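Have a look at these structures, which come just after this line.
Same chain, two partners: chain A is paired with chain B first, then with chain C.
Moving on to the complex of A and B:
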């Protein structure tokens, strides 16, 4: 169905189509490793489209303590603080999706607001300066903090996107995840670069 | 299977046990093997499926985040299992995502098409597909291929193991079977050996030792029991045999004694029988002698009386002589009756059955009595039913005797009216027929109270009858006995004063022969021919017209020449002229020749063929007949066959328009004009009888030479040849038999045959046979009766020109 829609949407919907492709590439494992050139054509997924898909997929490999949800049907809240780099792509990806029986809702924050009511918190690059404060404000809460700001993981963030050879990779701060009581699947860890691992486990 | 049947029991048992054991072991091994293989496959499949699950699960993140290297890393973990040939992860769109190949398979492994889920065993590998599920969603498929090297190894191991087990156990089974079957086959073999010894050696005292309590033991016991029984019976048999021999010996002794006794009795019986036969012979001899002694003088009396009657006599003398003749005739009849009766009573009459023409025979018989009937003015009728066969087989003489008796009787007791003989077929039984003869008259009849005893000997209706009609009264008795002998019976019905009806039946055989009369012309030639019979004698008229109608001819009879001429003229005018005229010669007013002359005067009447019948032939008659153009000239009494043959001949000749030679009775028998004269030799010692015979023969125109005994006859015969020799049987010096024997002795090798006719007063049974046995050709009993003599002469006259070899050809006819 989705492929059909793509077929019907032409240049007017080029962005949506590219976003779908990114999602398909990750979720549905489209052809080959997802890569995109800097001057991507409209049909190739952009870097942030890939990152949006990653964010969504993290929900599948991360388990939160039950207590963070109000009830069994409470959605997984994906918060974005600072400037939203996804340009609505994220909203399109999660729309209508259910993970582990929960819907996913997107919530946007401004710095200074209470950030504790989300399960994933993406910190936009606009908030580079406030990162320590933000991390501090969510300390003790079970929140998967993600950012593509350099040194975010080293600074105490749980996950950090890095782009190497045009591919999106991510770094997991094991210690931070443990402190946030997040259970990150070993399978996800197998894909990530893990730092601050206190247990005697080989990195990567 | 044939091979197996011929094996010894020992081999069979061993083979059976071994084969069964091997089969059991093989089945057990096969079951074990198949179970193990199944289990192995199950566990293999389970292991592989589990591994696939693990790999799939471990690949989820790599797939989600599109990291094939990580997936390959995950798959490489499969190399821990050395049997994994290949592993691969497919994306949900079926494209391979990551692959692992066992180094050894790097080149040649071919991946099958992707399947969502499932497993299958291929020839030497196991393939498993499992879906990769993440959060309830299928994101791809993991594929695993494993070799089955373990299974092959397992199979190889098992085969080696089972081979060893089967070989070992079979050998063990064979060895055990070989040992254990002895308990079964041992006794059987021993039994068989003993049986053979008993069979060949016939020694029933041998016993087979019993070794076990099973069925074979019972069998041996039974066999021993049978042997004992046989031994016992053998002994019994021997004993019985001995006893039997003893008894046979005893019995033989007894039989010997018995036979001796019987022989003794037989000898005595034979003696008694001989004595009885001697007595019987003496009685017969006496009877024969008596008959001879009576007949010889009677012959003289009768013959001389006949001769004397032919001479010129005064009326008184003639009357006396005629009385003498009548008395002599009566005496002869009485003697013959008594003789016949005594022979029948003594059971000495044998029937001599032969084929003969019944109609001709009956005509001959009636002809002998016709004269007497005619003299008394009686009508003598004869009616033979058409179904009565022509030729029958019976004793013609005895049948004739009965008929003559009954008809003679009827004539005797009838004063006016008629005597009729009727013959019918009463019944047919296969080839035999029962003929029913009826002789009816219009005579005095028999009183009812006498009817029962009429067939008893020496009875007549009453003594007064005897006085009035004469006779011994034996005729009916003899007839009754003869009828009984011929398979029939006799009975009578009568009304006093109205007539009598005698019935008798006779059983006759049918003959394959057909009637011989009419051979010359087919019957058609006679059919419908118009005949005029001219005869003043009513009986003759009736006889002739009867015969002619029987052959299908249309006949009319007139009493004299005048009436004949009128009838011929009338027929001519009606244009239905007669084709044949049969006329008598001796008739009052106009005799036969005169009639013929009158017919010749009228050419229109001369178209008819004329036949002349005469009762006494005169010299010159034949010549006159020829002159008058008479076609046939025949002597009465004429036989049916002769008449028919003559008519057929003259009519046949007329049709051929050839020259018609005169037909006479002789030309019927041979074509040549015969010479009437026979040269005869009469050997007779009694001068009266010699004279009588000579006169009788000379009167018939024959030349006679006499001899007084056999010796003289032989002497005469050496000088000249005779047509016939009449030989008296009883003669002094050399009797008839001796003389005949001498004649036959002389004839030996010459091919000649002198006809010898016996003259004998022995009217006893067996005389005729004896005469024929002694080499004589025929037989004439004394007193000589002119009729019999005529018959005989006629016979030999007819056959004179033909060589006569076999006497039976000349059997006298009735």
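Moving on to the complex of A and C:
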């Protein structure tokens, strides 16, 4: 790109703005569908596809008090607060699935909305700064809070994903699960790393 | 100008409306039939969360992550910043760098705000950053967020062309011990020792210390540049949860170092003698910062931060010491369902004392500046989840130029899950530094008429005004499938009142003796101009083992003297001191057997005003991580050439040396 030196402002300014607009137009044209190399296709599951499948599995191994559902057919609501890392995969995994006679529906929240109308709440990493607030706002509600943000379980979240040696593991904060009146099956607990376990309450 | 901005906003807006639903190319994996045990055995591609999300931020932001730091082979923060498209990093000598965004690069680059954990580290003396004193151990850094373009509506004066925010890890993320160390041809020896522990059940602490020793670089004639340097630093951080709603953080750091420097200076007025002296500069400093965060509810929280920072620096020609006290309050609240508000109040007191010599004197030798500020920013969801408008402004009062108002308007349009467009219009100002007001810098002496010597002296100007920027930016972030992401930014900046040096009327001076003629150059605000350009950053995960990150930045600068100006060269000197083209390619390859291979190439275009040819820097590193506790790496830097020049440093503060090919080995042990 070759530019002549401009003598002075007013014309230079508008020409520069024109150049800038042209650049912008180029940029925006690039935003149309572009054929990218085939290497961009992937076959093995991504981290968040696996985590989505975990979330689906949790619905099978966690029992909520019946009172949280409006009726016997109300769906299990899987909430996502913050930016959704699952890229539609969670929707594909739960589509058409029935767990304990209930369908599963997905609901997206923005931080600041009332988060208490779901059974599982996945806290996206975009909300890292708001985690204390979010946990505070669902206190007392029977919600399985899940996140992959560091220290989430330590800060009072019920479950936290951790990736160790490229495999997805999860931490359960026993005390937080108890406070939320969640019954987590022994099978799931056996696979988890359990923290804050108070033995006096026993395992079901 | 205003009309252009409206057209651009309308243009961006019109592009956003057809939100074509585009699905990622991946086939639906039927993972729902797998058991938890099966799922736990699937190997996943672990990608940084930060890279994955398409940030909603309506500004040109680039985040250097921990992975980027590990893969870069860099041993200091300036070298890390080379990976940010649109930043210009030019190393002057072993311990000195000129770093700027979008033009105006020089040793005293003064339009970039740099923060470490919320503490500003630019020198109030010249508004630039002494990078040798910012040697935070790279192992402690969580991420570096770089915003090109103004951040003044929140950060205030001096966040003109960019903000670099260095954020260290929280203490609870650095539990246990770490020892790392190494050495090589240029980095002769470096090491970090760190230990982190818990403070009861609700708190954590970390203490670390690091040291580095660097050899001489060659000077332009190939001889030793006499710029070897070393620095020792210690950091302490503690966090404590006071109650469920309150937490406190304390950060203490201190450093001390010494460095060789070649100083061009006048050593005798009559007869006129200009020499380059090999001097040694000593620098030291410490700071303490504490912050109290309080959560009122899910929709409202506050933070109160206070810090004190002391910095000293001296060589035989000059000494400076300044102290900064800063108090900062911020309140974030959600108002209704659509508004996200942040407002804050700040107070800063800066005191400085200098010791001058024939070479450089400050008048007055000691002075203070008080800055009062308040800002308000409101992010409004015009259409929730798709259109956000952010309006903000900061009002400041300083002792030199009085009230300064810096507003901005930004729009972010999330077209679909994979595409985001943004645009902004903002005003930013650089307030005068102590040097702009009161420096007297003797540059050279030469024989003159009647046997009298003529001495050229740059003078600060007590009437120096703010430099002003009106910036218009637009950008696009887009993901192509799972593996390619693109970030493009374009900008058009209009500057007025830029600092120029105007020749004044020559006068006779007898102190210092003997009688001589002074040819004064006085700082004024008689330069204006436009810059425009584009920055592109791409990340392409070719496979699970190989990632390529190309980047490119283009910059055009047009500087014009005001009609009243007599400084004819200033415009060209500024235009020709920043590269028009910069390009880079970084490659990260995971090899079998726990090996990783990284290569980074950086092309920097020529600097016509400084006669610096273009150069390409190539760094390569091999890392072996046999387990989680150990890693070994071998790194080569500047591999393509024996040596190259990055700037001739027209500021005349110190002489520049050449960057040379070098290598080092490093070992890291976690326990």
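Convention: the second predicted complex is superposed on the first by the 158 of 204 C-alpha atoms of A that agree within 3 Å, B and C clash if a C-alpha of one lies under 4 Å from a C-alpha of the other, contacts with A are read in each partner's own complex, and residues count from 1 in each chain.
The rule is short, and it goes like this: a residue touches a chain if its C-beta (ideal position, glycine included) is under 8 Å from a C-beta of that chain, and two chains touch if they have at least 3 such contacts.
Here the structure is a predicted model, which means the values were calculated and not measured.
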{"item": "Touched partner set for A:193, first chain B, second chain C, both or neither", "value": "neither"}
{"item": "First (chain B), second (chain C), both or neither touched by A:185", "value": "first"}
{"item": "First, second, both or neither for A:85, with chain B first and chain C second", "value": "second"}
{"item": "Which superposed partner A:57 touches (first chain B, second chain C, both, neither)", "value": "both"}
{"item": "Which superposed partner A:100 touches (first chain B, second chain C, both, neither)", "value": "first"}
{"item": "Chain A residues touched - chain C or chain B, whichever exceeds", "value": "C"}
{"item": "Those residues of chain A which chain B touches in one complex and chain C touches in the other", "value": "25, 27-28, 30-31, 33-34, 54, 57, 61, 187-188, 191"}
{"item": "Sites on chain C touched by chain A in the complex", "value": "1, 4, 7-8, 11-12, 15, 20, 22-29, 31-32, 34-37, 39-47, 49-50, 52-54, 56, 172-173, 244-245, 295, 297-299, 301, 334, 337, 340, 381, 384-385, 415, 417, 419, 421, 472, 474-476, 478, 480-484, 486, 488, 490-492, 494, 528, 530, 532, 534, 542-544, 554, 556, 558, 560"}
{"item": "Residues of chain A defined as touching chain B within the complex", "value": "25-34, 54, 57, 60-61, 99-100, 185, 187-188, 190-191"}
{"item": "Chain B residues touching chain A - in the complex, by the definition given at the top", "value": "57-58, 60-68, 70, 73-74, 91-93, 95, 97, 134-135, 139-140"}
{"item": "Complex interface listing, chain A residues touching chain C", "value": "1, 3, 5-6, 8-9, 12-14, 16-17, 19-21, 23-25, 27-28, 30-31, 33-34, 36, 39-50, 52-54, 56-57, 61, 83-85, 87-89, 92-94, 97, 108, 110-113, 124-126, 130, 132-134, 136-137, 148, 150-151, 154, 163, 166-169, 187-188, 191"}
